[in-house]
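The two complexes that follow have subunit A in common; it is paired with subunit B in the first and with subunit C in the second.
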Partner chain A sequence: MKFSVIVDALPHLLGAAVTTIWISLLGVMLGQVIGVLVCVARQSGRRSLDVAGGVYVSFFRGVPLLIQLLLIYYMLPLIGIDVPPLVAAIGALSLASGAYVSEIYRGSLNAVPHGQSEAALALGFSAPTIWKRILLPQAFRISVPALVNELILLLKASSLISVVGVAELTRTSQTISASNFRPLEIYLAAGVIYLAINSALALFGALVERRLAQG
Partner chain B sequence: MAITESPAAATATQRSAPAAEPTPMVTIRGVSKAYGPNVVLRDIDLTVNKSEVVCLIGPSGSGKSTLLRCINFLEVYDRGEIRIEGQLVGYSDTTPRRRLSNAQLRGLRRNVGMVFQQFNLWPHMTALENVAEALVQVRGMDKGAAADRARQMLARVGLADKADSYPSRLSGGQQQRVAIARVIAMEPHLMLFDEPTSALDPELVGEVLQVMRDLAADGMTMVVVTHEMGFAANVADRVAFLDRGRIAAFGPPREVFHESPDPRLTQFLQTYHERNSF
Partner chain C sequence: MDSNLLVQYGPALLRGFGVTILCWAAGCAIGMALGFVIMLLRQIEVKPLRWLLRAYIEVIRGTPFLIQLFLLYSGGPAIGLRLEATTAGILGLGIYGSAYFAEIFRAGFQAVPKGQVEAAHSLGMPYGGILRRVILPAMLVSTVPALVNMMAILTKETVVLSIITVPELMYEMQTMAAETFASFETILGMALFYWLLVEAVSRLGRRMEARVTRFLSHPSNARA
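Up next, the complex of A and B:
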């Protein structure tokens, strides 16, 4: 073990970690939007929307992220759409995370007591207002622990996007260790950086949970 | 004479009117409802006049909550008709009638307030926000005016100092009073109460009943499903006893509680007295 190797590589690794973080955050945020839309579609009571949502969820939950990523990366150019690696990566992460998030929201919505929307209905609320003001805010609070969990999983899964050549933390570690022949030190450092990011996320999640619990 | 075993006795024409010229607020005619083979309401006739308090009593499963929930169409009735201030509830006034969507029901529902057994306050909003929300979302009031009005309503139910508390910080009695404030802020023409004190600890029942008494004294039209026989006896203008989906007795509380020949009612009241004596 030569720790000087880590010290030398650290600026590169930290720079790559920043890429990992923002790609993951973007993936999670787009995943949130997709997840809410799919969830609302599946609860809308329209059969076609429910079926479409169901197919979406079963595909993106059932196919490994790595395969999805490669499919997006290699298949879209075949039909004339040229995708930069970064776009393919963020797209695959958001689509996969959207599938999980929609299921998290579905479970959370079912946990909101029926009387909550009934009270709003009896007061003359419209259905969209009930969703926006009563159901989604409560489902969101219930789902916070699961969403933080999902964020952590996604951040780790983002290491897979190294295969399409995006210079995030894992890819950068590979590149560095291929040139200095010090894989143990470099991967150890990368592991510690992942752990630090996820610990911070877990802490943040606990904080949000405590804030919301005050209400 | 209002009390017989026949449901036909419960029609408007046969009861004694409390006021000189009663204006009907709710008229229920021949309403029936079934869940598959399970009939929960059978040919119900009932009229509630303006400013009147009518209590629905009866054993559990007798259909009293279902009947109440049909009045604002939270529950769909199959046959018969319910009218509020002349307007048909839940269906188009055409032949054949067509079921209205929730969107079409909104106009009716904003004039009919409902108080639930489980309060159903929104836990992510303070007491003030709970009361102001419908004023903003349904009435289209601006936030400042809605907050002012919500504050007045909370004061009216004795909770001015709890405006910024979340429901989880309030006792059951306080939560139910906030729920009542949330409804009266909308200035409903009619209020429905679905066992408003059944989820409360006994020592908290009184404060909620007092608020309801004040509302009755102010001339609010109220239909109350309740197990509080004292409230029914003292506050109701008329009491309906439901049994197996029918109105088995109907009339002023004195008649229903003391003069009814209905054996099921006698048995129901007997059980009630035994449970409450020690």
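Up next, the complex of A and C:
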């Protein structure tokens, strides 16, 4: 063990960690949008939408992320869209997290008392307004712990996008350890950085949760 | 996909599937055994030991599986731990799973009604007997859904082993894709295959769950 190796590599690793963080955040935010849309579509009462949403959720939760990533990476050029690896990676992460997020929202929606939407309906609220003003805000509050958990999971999963050559934390660790032959130190450092980010996220999640509980 | 390709690469893919199943089964077994031991050790009221186990679980759950694999496989030789890719893969899967299994077992352990343990104690049962005859059966029933879920997750994690060159299905598939340039078809086929595999593991698990918990729905056991 030589700690000087870690000190030398630290600026690069931290820079790469920033890439990891923003890719994960972007993935979770797009996933959030997809998840809400899929969830609303599945609850809309149209059978075709429900089935399509169900297949989407089942596929992206059932197929390993690495395969989804390669699938998107190789599929887009095939239909004429030549994308840089970064876009394919963010796309894969968003689609995967969208599937999980839609399930999280589905669970939270069930926790919103049914009487509320009935009451809103009786008061003459339109369906979009009921979603926007009554169901989604409450579902969001209920699902905050699960969403933070999802962000942590996605941050860990983002290590897989190193495979398509995106220079995030894992990929950068690989590159550095391949050039200085010190994989033990470098991967330890990378692990500690991941752990630190995730602990910070968990702490932040607990804070937000407490804030929302106060109303 | 060209059917000739399947004839040519079929044996390799089958062999890869065998390695996938081997890694999965061995990884699950190691993970559960280790997780169970960790859960038992966590019951001991020694502060440093508790901190250590808590840290172990937090570290494993807070870092990506891929980084753990790299540490074990590429970082291992620096401290004299020279492992073959498959061994490292199985061990890595086991260690990764152990932290999650330990938490599942802990939840199951806490869910056993205290009164049952006290009752067994007052009847003069030794602790080993209480563990085997009272705690374990109750734990098994309450933890099965979570265990099955974790096993399905580990099925998906086996593909990550391809990155450290474990010759499992994903690795063989990528070799085939690289040699034949039929990347997209191969990966699509593989996606569908894993979809079915994970679905099968979950289905099988649900069946096991129904079997283990069948007496719970028996009218004479129904709770008011």
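In this text, the second predicted complex is superposed on the first by the 215 of 215 C-alpha atoms of A that agree within 3 Å, B and C clash if a C-alpha of one lies under 4 Å from a C-alpha of the other, contacts with A are read in each partner's own complex, and residues count from 1 in each chain.
Everything below uses one rule, namely that a residue touches a chain if its C-beta (ideal position, glycine included) is under 8 Å from a C-beta of that chain, and two chains touch if they have at least 3 such contacts.
A quick note: this is a predicted structure, and the numbers were derived from the prediction, not measured.
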{"item": "Touched subunit A residues, subunit B compared with subunit C", "value": "C"}
{"item": "Which of subunit B and subunit C A:Ala157 touches, first, second, both or neither", "value": "second"}
{"item": "Which of subunit B and subunit C A:Leu78 touches, first, second, both or neither", "value": "second"}
{"item": "Which superposed partner A:Arg133 touches (first subunit B, second subunit C, both, neither)", "value": "first"}
{"item": "Complex interface listing, subunit C residues touching subunit A", "value": "58-59, 62-68, 70-71, 74-76, 78-79, 156-160, 162-163, 170, 183-184, 187-188, 190-191, 194-195, 198-199"}
{"item": "Touching residues on subunit A, where the partner in the complex is subunit B", "value": "113, 115-116, 118-127, 129, 133-134, 137-138, 141, 214-215"}
{"item": "Touching residues (chain side subunit B, partner subunit A) in the complex", "value": "72, 74, 102-103, 106-107, 109-110, 112-114, 116, 118, 120-125, 133-134, 137-138, 166, 168, 179, 182-183, 186"}
{"item": "Residues of subunit A that touch subunit C when the two form their complex", "value": "1, 58-59, 62-68, 70-71, 74-75, 78, 152, 156-160, 162-163, 170, 173-174, 177, 182-185, 187-188, 190-191, 194-195, 198-199"}
